[in-house]
Structure formats: structure tokens, C-alpha cells
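Across the two complexes that follow, subunit A remains constant while its partner is subunit B and subsequently subunit C.
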Partner chain A sequence: MGAPVDVREINGSDLISALHLAQQAPAILGPNPTKATTSTTGTAEEYSQLEQLFLACLRTGDDQSAQACLDRLSHRFGPANERVMGLCGLYQEATAKDRAALEKCLEEYEKILSESPVNVPIMKRRVALLRSLDRPTDAIAALIQLLDALPTDAEAWCELADLYQSQGLGSQAIFSLEEALLIAPNAWNIHARLGELLYVSSSAPDSDASRLGSKSVQHFCRSIELCDDYLRGFYGLILATSRMLENGHADERPSDPTVAPKKTLDQLKGFGLQRLREIVESRSVDDQHWASSRSELIAAKELLNRFTSS
Partner chain B sequence: MAVQGVEQTILRDPALFYWILFPISVVMILTGILRHYATVLMNTPPKSPSTLAESRERHALLRGVNLRNHAAAVLDQESFEARRNYMVAGFRSGAFLKDPNNRGQPPANPMTDPQGMEAMMGMLKGNMMMMIPQTLIMSWINAFFSGFVILKLPFPLTIRFKSMLQSGVMTRDLDVKWVSSLSWYFLNLMGLQSVFGFILGSDNAASQMAQQMGMANPAAMMNPMQPGQDPDKLFTSEAENLEVMEHFCILDGVEERVLRNFAQIN
Partner chain C sequence: MSFLSKLVTLFGLVLLTHAGYSAHEHTVLFNNTRLALPHDIIVETLVAVVIVSIGLVLGADKLKPISWRDWAGQIERDGGARNPYLGLEERYGFWDIRAQVEPVLAMALRLCSRVSGIVVEHALTISQAKRKEFGDWMRGQDLPAKQ
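Now for the complex of A and B:
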């Protein structure tokens, strides 16, 4: 998506900031929102802000403002612009009443794609729509087709990993996330996510648990190294190290250099618990600022309780 | 040579300022602005790929480069080897090419290839934008104002600057401080960049608008390959780069590193 305008707007999956933004819609759109302005001037930033507002309005159910945003965007860039087409499709999906309407959207996407096969926003919409229609295998196939043509799209690799994970295909999901990391090697959230996937896979019965587990610890460590107050990183580090310690993987193969010795794991776990406690304390004080990640905070508190009581 | 220690004085008509120095500067600034807008107007955005295979050809190279640059930060030995083998085999066999059957044939003549033609036209247009106004203005100055000394610099300069500051005035003994009309034109041509930046609101205003028009996925618009370049050759060289690469992983020992760097501070 477009360049972030404000820190609060970056976090697309955050409902609270989306609500805040959507409430500003009258102020941003001006006194006469239905009338598309005749001027076509404006900086790139203004238009990406408009796009963000469009998304926020759709999420919060303010379809009229969303329509106004969309009108302005298509007035400026023309309805044939690929990105505007994508947003248009998104609007239709969001306002679709029933499943038949969604199927109609899908048909429309396919028609567009048969005319211009490399319409990336529409391709992505199609994948998302297939997923929301409960056809994950089709979605995966469509996404693979997209990635075959555009192997440098990190967003699409992440989505593929998510789809694979939802189908229980752990190693494929890990591969996809590794590809995403190759494009954005310093994304600590993807490192932590990869650690989570590895952690989940290591619990499968027929897996090489010690290797996957130690890799998971490594990715959590890397995530912490890149961002030293990333809650999910510490949370995962604690879980991964304690499982490694419980299962006694460290003692199994003391000569294996890829598996960290027991002492290191112990220290890591202690360090993780200490830092997580600090983070939870500081964020509980400053509650409003971290409102969007309150669920994470609750989960972290629960984890800390579990470890202090046991 | 000029007599040392004696200030050369040339009596200049003040009209020289109003009728030569000032018009040349104004004309230069105006043509610069005009050229800027003409470029914006004639600029065609880079064409996005029209088929999936074409897009793959464009991005495969980037993927190889990404693997080479970022593998150390992400992959362990095993998955790196797997990816490297896949990429090298793909590059070597031409699996990423738009048209694998055309492999080994000489690249299409850019004159007949419509895409190459378009790119050439773009370059030609850009060059024309520079060439035509410059030729016109220079001949205008040459025809009307050649041989005028129009300006005296307030500071002394070494003799080397004579050819720069006094072109069109063949006077051996003239002090370097004096600037001729033709040289003033050249100075303007080279030195007005910052003025344009000031007037037009930084030079990349034009390019930014072009990007905004694209407004699509920026990655899809990018084309790492110049027209006329043979992608197969690029792929083979990238395959070689990947083959000679030595892998290390910064995830090895990250546990100790984290403990050392973060744990003891607290």
C-alpha cells in the first residue's frame, strides 16, 4: 500500500487506529464530500492518505465516505488505473450483500485478468476473494501463479505463508516466509513470525524437533536483536527456549554446533522473562498508547503468571 | 602580457548590462523552465509488463540478487544450497526467460523490436529537449552578442580560466576578470541548476508526478534490464555470481550475541 502518512496509520490490522482515522473522514473530505473536486492537483502523500482513509472507512462501515474517497481517486487517476481498479473491486467486495454478489466480483476479476494478465492489484484481490470464499487451495494456486511472475513481492510471500499455515503445511509456510525475508531481511516481525512457524512445526510428531526448535530460537533472537522491545519476539523466545529445555534437546547432541548449549538457553529464557516483565510493566502504565496491542499484553501477562507460579 | 600591478580599466557602456547580460540570463532561466515542463509533458511512464512471463523475466534477476545479498541474514546452509541450486539451474536452463525457445539467438534489433523502439524514442526525445534549445540560443548569442565584454568579476583568477571566461574574445592581454557574453551563456547553462531547483520546487517534482501517475505496485513498474540487453547473458553471469558465493549465516551464534549485547546492560 501507499507511503504511510502517520505512524498510527501504518498498522493496517489495527482496528482502533482505523476507527480514529475513519472518524476524521469529514475533516479530510471537506464540507461537500459527495462532489468530486474538479482540481486534479495534490501531492502523492495526499492521495495515499486518501487511500488509507478509504480502507479505514470500509473497515468501520462508513461506506458513503469510502465511496467519496474512491470517487476522488478515480477522478484523479482514471478508472482504468490498476490500483484504482483494485480499490474499486475492494469496495464492491466489502459492500456485497451475499455470496452470489461475491461470486460476481470474482467473475469480474477473471474478466479483467483475461484482458490484462499482469494487473497486480486485481490479482491480489482475486486471491483474497478466493480465500474469503473458503477456497484456500484455489487461492494458493492463484498466489503461486502471481509469485511465479512477481517473485520479489514480500507481501504476497507472507500471504502465501499464512495460507499454507492455515492448511497445515508447515514446511511450505516456512519456505514462503524465508522468501519474504530474503526480500526484506531486516523485518523483525517476519523473523518473529518465522520463529513462531518453526516453533509450531517442531511440535509435530514426525519432525526433527531439536533442529526446528533451535532454528526457532535463533529467529526469535534475531528479531530481538533487530528490535529490542518487540513483545512477540520475547514471548516466542520464552516459549521456544522452555520447550527446548523441557525436551532436553540441548543435552541430546552436545557436539552439534547448531543447537545452543543448555546453559545459553537457560540464560536466554531468564533474559526473555526479565525483559518481558519490564515491557509489560511499562506498557501497562502507558495504557492508551498501546491500546491497539492490548490483547498481546494480556497474553504476555498470562505467560508471565504461568512461569512465576510454576 | 598585462602590466603587473596596474589595474586594467575598460569603460563599459551601462547599456551592455541592460541589453546583453540581463537578457541572456532571463532567456536562459525561461528556457530552463520551458524545457522542464516540456519534458514532463513528453515523458511517457515506463511500460509495465504485458504478460506474466515477461514480468518473471524482469524479476528473476532481482530475485537472484536478493538471494545473494540477503542470504546471510536469513538462511541456514541447507536451505541456502537448495535455493542456490534452483536459481542456478533456472538461470542456466533459461527457465526464467520470456521465450525459452529463442535462447542463444542474437538479441532482436532494437530498431525492429517495438519495445526497444519506444525506449529509443524516449531517449531521443530527452536528448532533443537538451539539444535544440541549446543550439538555438547559442547561435542567437553568437549572431548578436559575440565579442562583447560584459562583466568584470570582483576577484582575481588565474590564467587558466581565460578560456572559460573569455570565449569569443580573442584578446591575449585582457585580464581574466573580464567575462565575455558567450562565456556568460556557458556559465548560465552550467550554473543555473540550483536556481531551477528553487523556482520549480526541487528538480524531482517532475519525476514524483510521474511516479504518482503510475500509482500501481512500484515493483511491477521497475525494469532492471535496459532495452537491447540480452537477459540470457545477465542470467548466466548472475548464475556464476551465485555459484562462487560463500555462505555464512549471521544466525549462527545469535543466542550468545543477544545475551552479550542486551542481557548484561540490564
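Now for the complex of A and C:
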């Protein structure tokens, strides 16, 4: 692992960096990747980097390097390690040829779970596989079962929210994300995500739009409070406040104390626009540095243009 | 540590050593008279401590933000990769690997087409067989560059 790669800087959702990392796999794994190293030492950081590399290799289709990573991990932690079992399942899913092979993976997961019912990585893989096989109802049921056993798993709550949202169950999704926020109250991206969900739900025809919209504004505000110059938070704040103002949900003196008055919303919108403009100006100066978030910047510029032209 | 801070610290340490040595010699010389330490030695010690402190402060690493929003803002400005809550949105435990693969392949092909000027849009429909080919190509292309 002597290669000069800083795996921690890899943003998982960023395709270019994943590709870049996977291309370095042969260099990191050394000239003979199939032979597992005899030493069983190494820092925890090295192994988490190896895991990242494994994921990047699988994503880019470099199954051979992925297999080498997996071999090393199972050599160190043993094939019965729960996390290694999860990764192993991931590898089998990625290399599965057709639907029948995937069904076989599912059967295998169920067999493992019947032996040890609280094998969390495998439980998660099972949910993911059910979702991937277009069985969202089963996936939701399995996930709820997982959360019954482990109610403090914020990742699972977020996944549940995403599943509910994909099924059009907005209020359940919002509830799940609120649960996740109870576990990780300072997660600024989850606050922004909840704001987005509330914003989407407030556009439904039979919803309590003023209450949802106002809650959405609150969560975007919290995400900005937790993180300086958070582009996503400002973007959402502008959208949410302007919808509240346009749809006439903003009163001078609202009857519900949780709904912000019109003056505050106006001020928030102005503040959001001003800060977003500053962010966009400061970031477009050196384009290279913002390569991974370029699409965000473009979206922000479009939003600003819309508001300046109207 | 910059050169200046090293120099200042070294100077301070020399002064401190000198003061210590002087104090030692003084006690040896005036052992039985029980004279108090002369003021210049005391002043030299204090000045030396101040100089060493200044040198160390000058050479300290850049301060890290202690308020949560500054710290989080810095992470976002660096592209958000170090966000400890990124896992809640990426959710590696629930990764649908088969949905992850194709966007990467498509992106790679698009990058290639930009470089070589060849239109490969038709190649974007990638089957599992292609996935393997692509993996081999990725390895093959990288090896000579790294050796």
C-alpha cells in the first residue's frame, strides 16, 4: 500500500474520482495482486482504504483487482467476518450474469440470516438486492425488520426514507429522515435532504403546504447554520422561501406560531440570493478545484439567472 | 516549522541554557554567603522563555477551525469528500452495485471519446460481457503507465 494515493479524498458519488482511483488499483495492489500478502498486520486505515478501492474497482468493472482486494481482506479478517461477508456478497452481485444468479445470491443471504439473524451487513445487502430486483415492498419490510433490531442505525433510516420516497410515500419518508436526524443531529446534508423532501411534499395537492413549506425553510436554515457557504442549503432556501411567497402562504401575522411571517421569509430569500451569488462568484474563479461539484454550480447559476431576469 | 521560527527558538534555548549555567556557577561561587540570584540572571531566564514561546508559536501548524460551521464549511469547500455524514447519503451498506456500474462505464467512454475525438455514443449500451472487457482494458491501460 505504498502508492501515493489519498483515498480519503475520494468522494463516493463522484464518478471521475472513482474511475481515477480504480485505475490506480494495479499500482496499489502491487505486481502480484492474486497472491495475498502473508502479513496480517496493517492499520485500520489501510484496510478501510482497501475497502474503498474494492468498491471503486467493482464500480468500474475491474473484477480482478476487486477480487484481489477481497482476498486480502478475507485473509486478514477471515471469511466469517460479517463485514467481509457483506463485501463478498456485493462482489457476487456485481459479477452475477443474469437474474437467476441474483436470485441465488438472495437465497444465500437468506441462508446466512437463518443461521445468524443479526448479521447486519448481510441484512443490508439483502435489502439492497430486493430493491435492485424491483421488489420495493419486500425491501421496505426487510428494512423495517432491521430497524426493529437496530433502531440507532442512521444509514438504515436514510435508506428507508429513500425507499419510501421512491414509492411516493412522502410523509413516511419525512418521518424516517427525522429519525435519522435524532441519531445524527448535526448532519448538515441530512438537514438539507429533509428540507428537499418537505419541499417536494409541499407541492402535493392535498397537503398542508404552508406548514410543510415552513418546516422545509427551517431545515434549510439549520443546514446553513451548521455549515458555512453550503451551496445546497442556500439553493433550497431560495426555492422554499420563494414558493411560500408566491403561493401566498406567507402571512404578515400567521396564526400558527411555527410558520414564519412574510417579512422574515422575504429577508431569508434576499439573504440566500446574496450569499449564493457570492459562492458562485468565488467558486467559478478556479474551475479545476470544483470539478466534482460542477453540476451544482451550474444549477446555482441558472437559479440566480432566473431570479435576476424576473 | 519555518526557518525564522527555528532560528528564534534556537536563540531562546541558547539564552535559557546560558541563564541556567550562570545560575549554577553563581551558586557554586557564593555557596556559603547565601546571596540571592542577581537580577540579570532572572531577567535573562524570563526573556529566554518568552523568546522560546514566540518561536514555537510562530512555527506551529496552521490553526484548525474549532467552530462546527467553519469546520463543516471547509469540508464543503474541499468538495465534501471528508464529510463524516456522507455515508448517510451514499449508504455503502445498501449499494446497488449493478446500478452503479453503468454510469461509470458511460462516463469513461465519454471521457475517451472526448480525448480521441471518436464518437462512441453507440457503445454506451453496455452488457455484462462488455463490463468484463472494460475491466481488462482498465487494468491493461494502467500498467505501463505505472511501471
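Simple rule for what comes next: the second predicted complex is superposed on the first by the 297 of 310 C-alpha atoms of A that agree within 3 Å, B and C clash if a C-alpha of one lies under 4 Å from a C-alpha of the other, contacts with A are read in each partner's own complex, and residues count from 1 in each chain.
The criterion applied here is as follows: a contact is a pair of C-beta atoms (placed from the backbone, for glycine too) under 8 Å apart; a residue touches a chain by one contact, two chains touch by 3 or more.
As the structure is a prediction and not an experimental result, all values here were calculated from the model.
In the superposition on chain A, contact of A:Glu302 is made with neither subunit B nor subunit C. Look at A:Cys227: by the touch rule set out above, it reaches subunit C but stays clear of subunit B. Once the two complexes are laid over each other on the shared chain, residue contacts for A:Asn81 go to subunit B alone; subunit C is not touched. By the touch criterion defined above, A:His219 reaches subunit B but does not reach subunit C. Shared-chain residue A:Gln23: touches subunit C; no touch with subunit B.
By the document's definition of touching, neither partner reaches A:Glu281: not subunit B, not subunit C.
In the superposition on chain A, no contact is made by A:Asp208 with either subunit B or subunit C. More residues of subunit A are in touch with C than with the other of subunit B and subunit C. In the superposition on chain A, A:Thr264 contacts subunit B only, with no contact to subunit C.
After overlaying the two complexes on the shared chain, residue contacts for A:Trp188 are found with subunit C alone; subunit B is out of touch. On subunit A, the surface patch touched by subunit B in one complex and by subunit C in the other comprises residues 120-121, 186, 225, 228.
Residue ranges on subunit B touching subunit A, taken from their complex, read 48-56, 59-60, 62-63, 66-67, 70-71, 73-76, 79, 208, 211-213, 215-217, 219-220, 250-252, 254-259, 261-263, 266. On the subunit C side of its complex with subunit A, the touching residues are 68-70, 72-83, 85-101, 103-105, 107-108, 111, 128, 131-132, 134-136, 138-139, 141-143, 146.
Partner subunit B is touched in their complex by these residues of subunit A: 43-44, 47, 77, 81-84, 116-118, 120-121, 145, 148-153, 175, 178, 181-183, 185-186, 215, 217-219, 221-222, 224-225, 228, 257-258, 260, 264-265, 267-268, 271, 274-275, 278. Considering their complex, residues 8-19, 22-27, 55, 58-65, 86, 90, 93-94, 96-97, 120-121, 124-125, 127-128, 131-132, 154-156, 158-159, 162, 180, 184, 186-190, 193, 225-231, 289-290, 292-293 of subunit A touch subunit C.
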